[in-house]
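After this come two complexes, each holding chain A, first together with chain B and then together with chain C.
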Partner chain A sequence: MTVAAGSAPPPEPDVPLIYRRGVRRLLTQGIYVAITAVVIGYVYTSLDLREFGFGFLNEPAAFKVGNQWLTDVDGVTNSRITMYLVGVWSSLRAVLVAIALSTVLGVLVGVARLSSNWLVAQMAMLYVEIFRNTPLLVQVVLVYTILLIGAPLIENVVNVGDFFFVSNRGMAMPWPVPDGGFWNTPDWFVGVWVAALIAMAVAAGRLRALRQDRERETGQPQFANRWAVGVFAVGALISFFVLGAPVSMDRPMIEGTHYIEGMVMEPEFTALVAGLTLYTSAFIAEIVRGGIQALPRGQTEAANAVGLSGYQRLTLVILPQALRQIIPSVTNQYLNINKNSSLAYAVLYDDLFRVANIVQNKAGHALEMFFVIIVTYMLISFAISLVMNFFNARVTAQRI
Partner chain B sequence: MVDMPAQNPQRIVLPPHRERARRPRIVRLREWARRNLFNSRAGTALTIVTAIILGLLIYGVIYFVFVDANWRVITDNRWLLFAGGYPMDQEWRLWFSVGFVFLLIGLTYGTWASLGRRDHLFIVLASGFAILLLAHGGAAIWSTLWYLIAVGLLYAGYAITIRMPREAGPGRTLQQRSVAGLLIAALPIVLIVLLAFGGARPRELEGFVLNLVLAPVGIAGGLVIAIPLALGRASRMKAISWTCTTYIEVVRGAPLLGWLFVALFILDDVIGGELIVRAMVVLAVFTAAYMAEYIRGALQALPGGQSEAAHAVGLNQFQSMQLIVMPQALRISIPPMVGQAISIWKDTTLVTVILPLRELKGNADSAIAQFEFTPDRIEAYVFVAVVFWVVAFIMSRISQRVEGSLGIGER
Partner chain C sequence: MTTETASMPARDLESAEDIIIAENVDKWFGDFQALDQISMRIKEHEIVVVLGPSGSGKSTFIRCLNRLEEHDSGRIVIDGIEMNDDVRNLNAIRSEVGMVFQQFNLFPHLSVMNNITLGPRKVRRMPKLDADALAMQLLERVGIPEQAEKYPAQLSGGQQQRVAIARALAMQPKIMLFDEPTSALDPEMIKEVLDVMQELARSGMTMIVVTHEMGFAREVADRLMFFDEGSLVEEGTPQHFFENPQEERTKLFLSQIL
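This part shows the complex of A and B:
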């Protein structure tokens, strides 16, 4: 009897139906689906779905959302969904800043933990042990409390040359704003200048790659980084003046008990970002340390043998290889930062979670609001994963 | 010639590292410092800068702790912070639980690890911290005494189990099984002692006690849900693996605060009951999704030959799971699981943020809401941080020791 290659042998005729694998699987899944359906059905019937719908999001908000930056949306005329989007923008800001800072700090501490300097290594270990083992909520609230109690009142504000102000209402600093410049140009000239800057950044990156290639081919130093930075700086200056200086720095001022103009970092924002940064950087430090330690010792020794300095050894040999192991775990930490940013609630920073809670308090519809929250967090997580996967693909493209 | 040309019979040539070790301590210390602190000009500068920063930090901490801070916000609110609304006349139930858990820690250490010098040091320091807190107010002597009895139980349990033979055999198996059984039964026992037979009502669990109840419930409940979930996700049956994957991804998609929001507003209609029970359910469901991913990772890390070998010797699917695959997978997943457990321990603070449940941080908020303690907010939060740190440190330390003696991470 011939059986086609790859196909299963015909079932024995005397095996009862119940013992056949396919039948069993079908039966198991049937029972499973039935049970799941009953559970979901129970949950569905016990929920109050009489008024289910998202129409309430279009009604006027009638509440204020603080901590706005670059937006000035009032809650009187705008809808609830608009206020929620303002909250999303606040969350995104905190998450992005916290990701950047915790990465820098985490890599520094992680490298310091492996320092040949005993004192530095011990300090780094202390840092990790302290911030990894205390609740993030307590860290955020503690920083917030210190900022409120420790910083001076706005009446006794610390004034650094009229450029920086520090008080318990936050830190104010100069910030670029559109300006008519020499020829009284309209505001959209800023856009032109930013576009020019981006174009020059791309060109500088291209130039850097070209010079690096030439250095690799000829062995002659081509100063790729210096060239790139120089070209970008000169181009930025020239385009700035050609466009008639469309941007000027806006210095902060104090009017009564409030900052006006400039950029203000409120204590709520600072506390949230500082808490997220301290907490996550301790975890990133451990990931970086693990990634470096997983490299064979020969890499360090080889780098020493060809005469690289400590800094060169780290940036040219060790970290590029360790990145392959580091990036997936660090991506997880970034996703955690995204989710943990909901702790803004504890310091009354108006992020998406807090705004959603306010909406829920005003309008009810808890189920719909939760649906909106989870979809938002998932979208942000998805965007972070997408960027990190792209980065990961670039790092792992080079085979070693 | 049998006679050795020994001019100096006293001189014995040692291997280089022993030779180095023979030199006086001060020389060795100087060498160590040169190697680890002052190995180059840049290294020396780094050491000096770090030492200055460290000195300033130490000065700041000492100044804060001994001069600036008003610790009466803690000592006056001792009961509020630790047990909150727990009925005061039932205090013995709390101490009974503490003693029981300390005894279990001693038994665990004696069975699978041993207490090193650093462990003793840590116990002494932590006890000093605890006694410093307890030795105030009316019942100071009694609570200190209770605490000392609990520590005594820890050492008693340790002393009993450390003397038992470690060689594999029926006695050793019996010992391991009984300690493991006690560990599994610990949570129900403690809950019964705290709540049943005239104890507190669930909503009277507050303060630090609430953290200490919520975290184990979350961890144990999470583990119970996580194992079938991980197997389901790895299953070849599409209906099962899809629903398990959806569960895991959806739960991991939203922050814990979001799920506590669900416990407050939505679960009320679905399961009802006490808010604290709903919080426990949410913690378990939330933890399970993360733990399931760690178990799934461990299942994938196991070589396929394991389950094939199990089938070859005639074990059925269930037996192979129970006897061959799961024990190994769980062992591999212990380190990330402990990380998750510590994470849940820290996350128990979140129940305060949107639920009207008051754990340690929540009751610290109440403590500083009193008029006379409003300026002492930093002290209260520092105290909360230290308490959480101590427990998290104990958890990671125990797991490190047990991991070491189980040989996890080695082949």
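This part shows the complex of A and C:
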């Protein structure tokens, strides 16, 4: 249909209201707002919010929290929020250790699945299939059961040179603790030594960079890493004695049916971390495998043609490129570790969720406690995402 | 083999040593025989162009020469080194043989400079300073010294392939293998890569080139080989090939490609 030049355009057709886009949008928005209002209104009127508030968290706890490390609170004089934070610390510990272990294990298994060694590849596949296809809860409880039943009673503890103990109460090993040392300094004096260590680490890092620069300029090997480690080690030793040896190793001992002193890894902690690690590393292994397989075959061939060894090929050519694919998916797995750590409930590990439940049993205020629990998990997740996004931005800075 | 005058500067191929020896090489991919009793000798400084339709085994053959593919039977000897299960031999052969791929296969996460110096530094343990100097020298040779700090994705195909040639040369190989080096390039970039290869040929490098560039084959090659269905069907000088091919399959192939 053509319109002759100069002729008036046809009159604008009259569109009924119901067919107008603006009206349609307004209508759907209105329906959405109405439904939301009804739901919120219903929840609000059903809840008894007369008692709503967080004051109860400041009241004395009057309950014990187990699995403490680096803290020593008995719950008698401490508030409920203090006990809750002890639980948060226990969760964080389990999550951080599980993240570290599952990453190492996941990369190893993922690479092993692609091994040209048939047996290694099959073992890795078996590992993945077992731990990816069984529930995490079952794995955590299974490890816990093995640790409780399989490990010797504490009366028959396995004692490795009075340094390392294994029993159904867990594993115990020596741990550094503040010590008055030669000059009977107060505990906080350890901080001086720690500060000295940090200063020397920075100095050693600087030295390393300087020597690397010199190697680059002169082409003469400058042994940057050896120098840095050596300077740090000597400095640490000298400052330790100059400050009067403010730290000593606390060796574990057994009193009755309990370990005292030293660092104790209790079966609850071990079971939770082992379960999270086994389960998550199977997923990370698949992510790593996928990331590597997504690379063109030519990369491997070019690395071979240049003469790189298998290990050099992996660390210099394959993994640096695969990381781009891997990091976002692995971040999801880290977030899963955080959320799945609440399965501590099943093995009586006093993580944040379990402590929160104890508080709620004592004080009521279920709504407030769940609010606190959800906010805590979200904050930990945000922190993990933040770190991983930073890492991802660094890896993907160069467009390839 | 009749000696014809090539358009190359005089290189005394008659008295040169055999640097590549292949005897009765077979290669199977499952039930498919990719190479069938390939035997040949290539002299040091010789330029050999390998022709053949796709699937003829020509790429497979040159990939066997640095063990990107493992041959199933027969012998391959590179510069006196037996290609066998001895890992020391494999490492020695890989450092004697450079390879340039159809798809360039540069390392995209490394700068041009680091692509070239990776091998010398990590395999030859060359100090960074020396490796950088070597890389700049090679980039001058392939004509793109100004691209040293760029990344592969920032370069044209022709430039990428020239970096790939520099990367292979950085290991100071005695033999260079080219697996269809210009097939993935836009037409206007083919010449810049062929020019670099021609310069390399003039410098006395032993080269085996799988290509469909007949101009290059005619001008630069000392000898042409025609592969079909995994067999070495015919070989001879460019003159023999383009003027007087003997085998029916060779004639058919040349009639289709010329």
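Observations
Here, the second predicted complex is superposed on the first by the 328 of 400 C-alpha atoms of A that agree within 3 Å, B and C clash if a C-alpha of one lies under 4 Å from a C-alpha of the other, contacts with A are read in each partner's own complex, and residues count from 1 in each chain.
Simple rule for what comes next: contacts are C-beta pairs under 8 Å (C-beta built on N, C-alpha and C of every residue); 3 or more make two chains touch, one makes a residue touch a chain.
If you're wondering where the values come from, they're calculated on a predicted model, not measured in any experiment.
Residue contacts after overlaying the shared chain place A:Asn340 against chain B, while chain C stays out of touching range.
In the superposition on chain A, A:Asn156 makes contact with neither chain B nor chain C.
In the superposition on chain A, A:Gln312 makes contact with chain C only, not with chain B.
When the two structures are aligned on the shared chain, A:Pro296 is found in touch with chain C, with no touch to chain B. Taking chain A as the reference, the larger set of touched residues comes from B, when chain B and chain C are compared. When both complexes are overlaid on chain A, the residue A:Thr257 reaches neither chain B nor chain C. By the touch criterion defined above, A:Ala366 lies against chain B but remains apart from chain C after alignment on the C-alpha atoms of chain A. Using the contact criterion defined above for the overlaid structures, shared-chain residue A:Gln321 touches chain C, although it does not reach chain B.
By the touch criterion stated above, A:Gln220 is placed in contact with chain C alone, chain B being left untouched.
Shared contact residues of chain A with chain B and chain C: none.
Taken together, the chain A residues at the contact with chain B in this complex read 25, 28-29, 32-33, 36, 42-43, 46-48, 116-120, 123, 129-130, 133-139, 141-142, 145-146, 149, 339-340, 342-343, 345-346, 353, 357, 360, 366-367, 370, 373-374, 377-378, 381. Those residues of chain C lying in contact with chain A across their complex are 66-68, 91, 94-95, 97-99, 101, 103, 105-109, 118-119, 122-123, 127-130, 151-153, 167-168, 171.
The residues of chain B lying in touch with chain A in their complex are 36-37, 39, 43, 46-47, 50-51, 53-54, 236-240, 243, 250, 253-258, 261-262, 265-266, 269-270, 342, 346-347, 349-350, 352-354, 361, 375, 377-378, 381-382, 384-385, 388-389, 392-393, 396. Residues 215-221, 296, 298-299, 301-309, 312, 316-317, 320-321, 398-400 of chain A are the ones that touch chain C when the two sit in their complex.
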